[in-house]
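You will see two complexes here that share chain A, one where it goes with chain B and one where it goes with chain C.
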Partner chain A sequence: MEDERSFSDICGGRLALQRRYYSPFCREFCVSCPRLSLRSLTAVTCTVWLAAYGLFTLCENSMILSAAIFITLLGLLGYLHFVKIDQETLLIIDSLGIQMTSSYASGKENTTFIEMGKVKDIVINEAIYMQKVIYYLCILLKDPLEPHKISQVVPVFQSAKPRLDCLIEVYKSCQEVLTHQKATSTNP
Partner chain B sequence: MVAEFRSEDLGAPLLREEEGHFHSVTGPRESEATGKMVEKSPSPLPERAIYGFVLFLSSQFGFILYLVWAFIPESWLHSFGLSYWPQKYWAIALPVYLLITVIIVYVLLFGINMMSTSPLSSIQIVTDNYAKNQQQKKYQEESIPALRDIPISEVNQMFFLADNFTPKTELNCL
Partner chain C sequence: MVLKAFFPTCCTLADSGLLVGRWIPEQSSAVVLAVVHFPFIPIQVKELLAQVQQASRVGLAVLGTWCHHQQEPEESLGHFLEGLGAIFSHEPWLQLCRERGRKFWSCKATHQQGPGVPGVPSKDRVMLIFYDQRKVLLSHLHPPTVLPDCQFGEVTASTEGLAAIFDTVSRSEVLFCKDQFDEGPVRLSHWQSEGVEASILVELAKQASGPVCLLVAYLLSLVSAASACRKANMLVSMLLDVALGLTLLSWLHSSNRIGHLADALIPMADHVAEELQHLLQWLMGAPAGLKMNRALDQVLGRFFLYHIHLWISYIHLMSPFIERILWHVGLSACLGLTVALSILSDILALLTFHIYCFYVYGARLYCLKICGLSSLWRLFRGKKWNVLRQRVDSCSYDLDQLFIGTLLFTILVFLLPTTALYYLVFTLLRLLVVTVQGLIHLLVDLINSLPLYSLGLRLCRPYRLAAGVKFRVLEHEAGRPLRLMMQINPLPYSRVVHTYRMASCGCHPKHSWGSLCRKLFFGELIYPWKQRGDKQD
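Entry: the complex of A and B
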């Protein structure tokens, strides 16, 4: 079963949340950020090249212009490969664990897997971020030796930063899986 | 506003300073109040008025001295016999240093605040030592429950999973 809805992130940009239910308790949530817009790309390129041309008129050295072209190209490639995240996915499998994938605009994918024994809970937490207070979804991890203490906090959807309505959908769905997992697990 | 309330309460004398003059409207001072409370309250007192006036006079004197030192040529000052002054360079340099410090402090304070905000993955946002070691008091009927730190999982379940909330009202309260 698959469905898609559109939400917005904390800055007001459009996001799309895609939910796939592979089995009753194996679910995937995919948040996709808007693609790199042509407007911002041309704006950045124009400012860099205008600044380089300004420097060129001051210094009369044509290397500055070639350097500006290289910087723009390398900067764009680096941005697409290291910074611009297109899609973030959260896959939760009740008996196995939780997997988070970030896929960059250049095609690179970054995956993190947390086994279910380490997962204490998935919660929506509020925190101060820059000058705002935002809601974000995070996975609370526990040390199997001390099951009542929180050992680590792993925030998810860090670059997409969806708003509360999107987070509530994901939260409710994950809680169904987690309660089922706790009910059927053999550990006390 | 708090000072107003306290001075009415204690009956301490009201003081007003207007451009160098000050007159006090005396009233009965509450001596029944404990000595500590009178010492630490921010209400106006005669001793504080005297301190304030001394400070005012000395600051005016310091300012006139600074102007004299900055403007009067050194030869005149030497002819009066006052020969041991700092270089006049400092008459310009110190105020400039002070202003730049003020501007940098604005930027620095903002930066320090940003740096000391915990990152989103920090465990300090969720719980801390006091919450972990708190004692659980037994629940008694018909009395206000004791104050305690509720774990975040319970809070989330109450906010987002309870069936009696509609999403609109819940988002309005949050």
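Entry: the complex of A and C
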């Protein structure tokens, strides 16, 4: 079962949330970030090339122009491969674990898998950042030595930064799976 | 809990048979290691499992049946498979079934002793997770945090999460020795049956490399008792070092480079000495518009100039032997690039010895001046340093003591700018030389401690170093069990370097930036080669 809805992120950009229910105990949430806009790309390229042309008229060295082209290309490739995240996915599988994947614009994928035994709970946390109040979804991890303490907080959808309405949808689905998992789990 | 069945991808095409593996009740997972094909004698299967269990200390058992058929299964086959459940009783009994050519599977897990009516088996929800057996066998899982009880050698296989799966597969190597193509009472199917090397040359090379690897491992074990990966790192680093050194050696000895170097060395030393003389002449005049005390200036300037003159004479005395010395030193590069770099650092220290001497003279003078000034300043305020109690006490001085003290204080204060300037100039020169030496040492350290073997392994065989796993949901049909593909998530490069970095020679400086500035201000000598933990002077 698959459905898609559109939400907005904390800065006002449009996000798309895709939900896939493979089975009652396996669900996937995919948040797609806004694409790289042509306007900003053109603006940055023009600025860099104008600056290079200005330097060229000062120094009369044509190496500056080729260096500027080179820098622009490398910078764009580096941005697409290391910075621009296209999609963030959260896959929750009952009694196995939670997997978070970030896909970059160049196709690179970064995956983290957390076993269900380490997960204490999934909550929506509030953070005050300068003048903004931001809500973010995070996974609380158990301390292996003291099961009642929280050892780590892992935030989810860090690049997409969806707003509270999107987070509530994801939270409700995840809680269904987690309560079922806790009810049928053999470990206390 | 959902029952998880870990199934090796190599067995998805195997013929029908029995599933053999390990059942982990804490996680409700069944790790399938191999498929036993028909025909078999149950007693022999049980014997083989007992043998493997004793050798590997992994609790193996027959987990269920595997059915790979053309069309709909015949009734007799179905009854036969169910009958097997009575012979090899296992809780729960897995029944995996697949039609040839179809993608979707059917799984059943039955419990004999259900909570309901006895005798009626109860069903569990089953999830199929495919894994690449060869990769999981060879990979080494790196936990995100090191738990304190990881240090003890684990005798039995662990039951914690994914480490249990990796542990089970790697410990069951004994099971993978024989496969369905070997003669034996039991025919197994596992990753070995996927296909051995097709080339006879590769097989021969593998057979030949066995004793060579054993020899190398034995030699390395004499050197250190570290793990195999660290030994390999050390060996590869050493080999690279020697290779780079030999390259440097061949480059130096070609086209008489040593001769050119020796010819250039003396004029360079002369040039440095001349520059120093110009600097001293500048200091003896009015450097940067400051007015120096003429008498002290002349004394210090002439002292240092004479020192430089002596140094130049010694250099000229040594000039006929330079080329011979350099040639022999160049030979040492065959021991490794790090040796050549260390010798270069030492040669640099020897050639700038006069700068070091000037720094020491300037620092000592300045230090004396600062000591005198602070003591006389205390006298000004009527206080005294109590050496016994290591503190400042008040003291009443006589009039003549005060008078002489004030005179000396005035003299020292007015001579301070001159001494301070000389100290500043020579300290800067000394720090420059120390920085260059430090950079050379950093490079040597980098060559020694970079784990090249681990980085190469991460590049070429990323599944060997695992940070974790990742799952991919395969095509799903309603009513069928969920199928997932488990792949190995390789360790990021930064963690590879951090985990496998070899101990560097500990050339971290003893002082922090604050204590360094303090020492510079008070004129205390700086010894950059002293390590932490060395005895204090």
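FYI, the second predicted complex is superposed on the first by the 183 of 188 C-alpha atoms of A that agree within 3 Å, B and C clash if a C-alpha of one lies under 4 Å from a C-alpha of the other, contacts with A are read in each partner's own complex, and residues count from 1 in each chain.
In the analysis below, a residue touches a chain if its C-beta (ideal position, glycine included) is under 8 Å from a C-beta of that chain, and two chains touch if they have at least 3 such contacts.
Please read all numbers here as calculations on a predicted model, not as lab measurements.
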Exercise. Is A:D86 touching the first partner chain B, the second partner chain C, both, or neither of them?
Worked result: neither
Exercise. First (chain B), second (chain C), both or neither: which does A:D9 touch?
Worked result: neither
For this session: Look at A:V154 in the shared chain and tell me whether it touches chain B only, chain C only, both, or neither; answer first, second, both or neither.
Result: first
Exercise. Is A:V123 touching the first partner chain B, the second partner chain C, both, or neither of them?
Worked result: first
For this session: Please work out whether A:D165 is in contact with chain B alone, chain C alone, both, or neither, and reply first, second, both or neither.
Result: first
For this session: Would you check which partner chain A:Y136 touches, where first means chain B only, second means chain C only, and both and neither mean what they say?
Result: first
Exercise. Touching A:P144, do we find chain B (first), chain C (second), both, or neither?
Worked result: second
Exercise. Who does A:S95 touch here: chain B (first), chain C (second), both, or neither?
Worked result: second
For this session: Could you look at A:S23 and tell me whether it touches chain B, chain C, both or neither (first, second, both, neither)?
Result: second
For this session: Quick one: which bits of chain B touch chain A in the complex? Just the residue numbers, please.
Result: 114, 117-118, 120-123, 125-127, 132, 152-153, 156-157, 159-161, 167, 171, 174
Problem set entry | For the chain A and chain C complex, residues of the former touching the latter | 22-23, 25-26, 28, 91, 93-96, 99, 101, 111-113, 115, 117-118, 144, 181, 184-187
Exercise. Across the complex, what residues on chain A touch chain B?
Worked result: 120-121, 123-125, 127-130, 136, 138, 140, 149-155, 158, 164-165, 168, 171-172, 175
Problem set entry | Of chain C, residues touching chain A in the complex | 1-2, 4, 25-28, 125, 127, 129, 147, 160-162, 468-471, 473, 476, 482, 484, 489
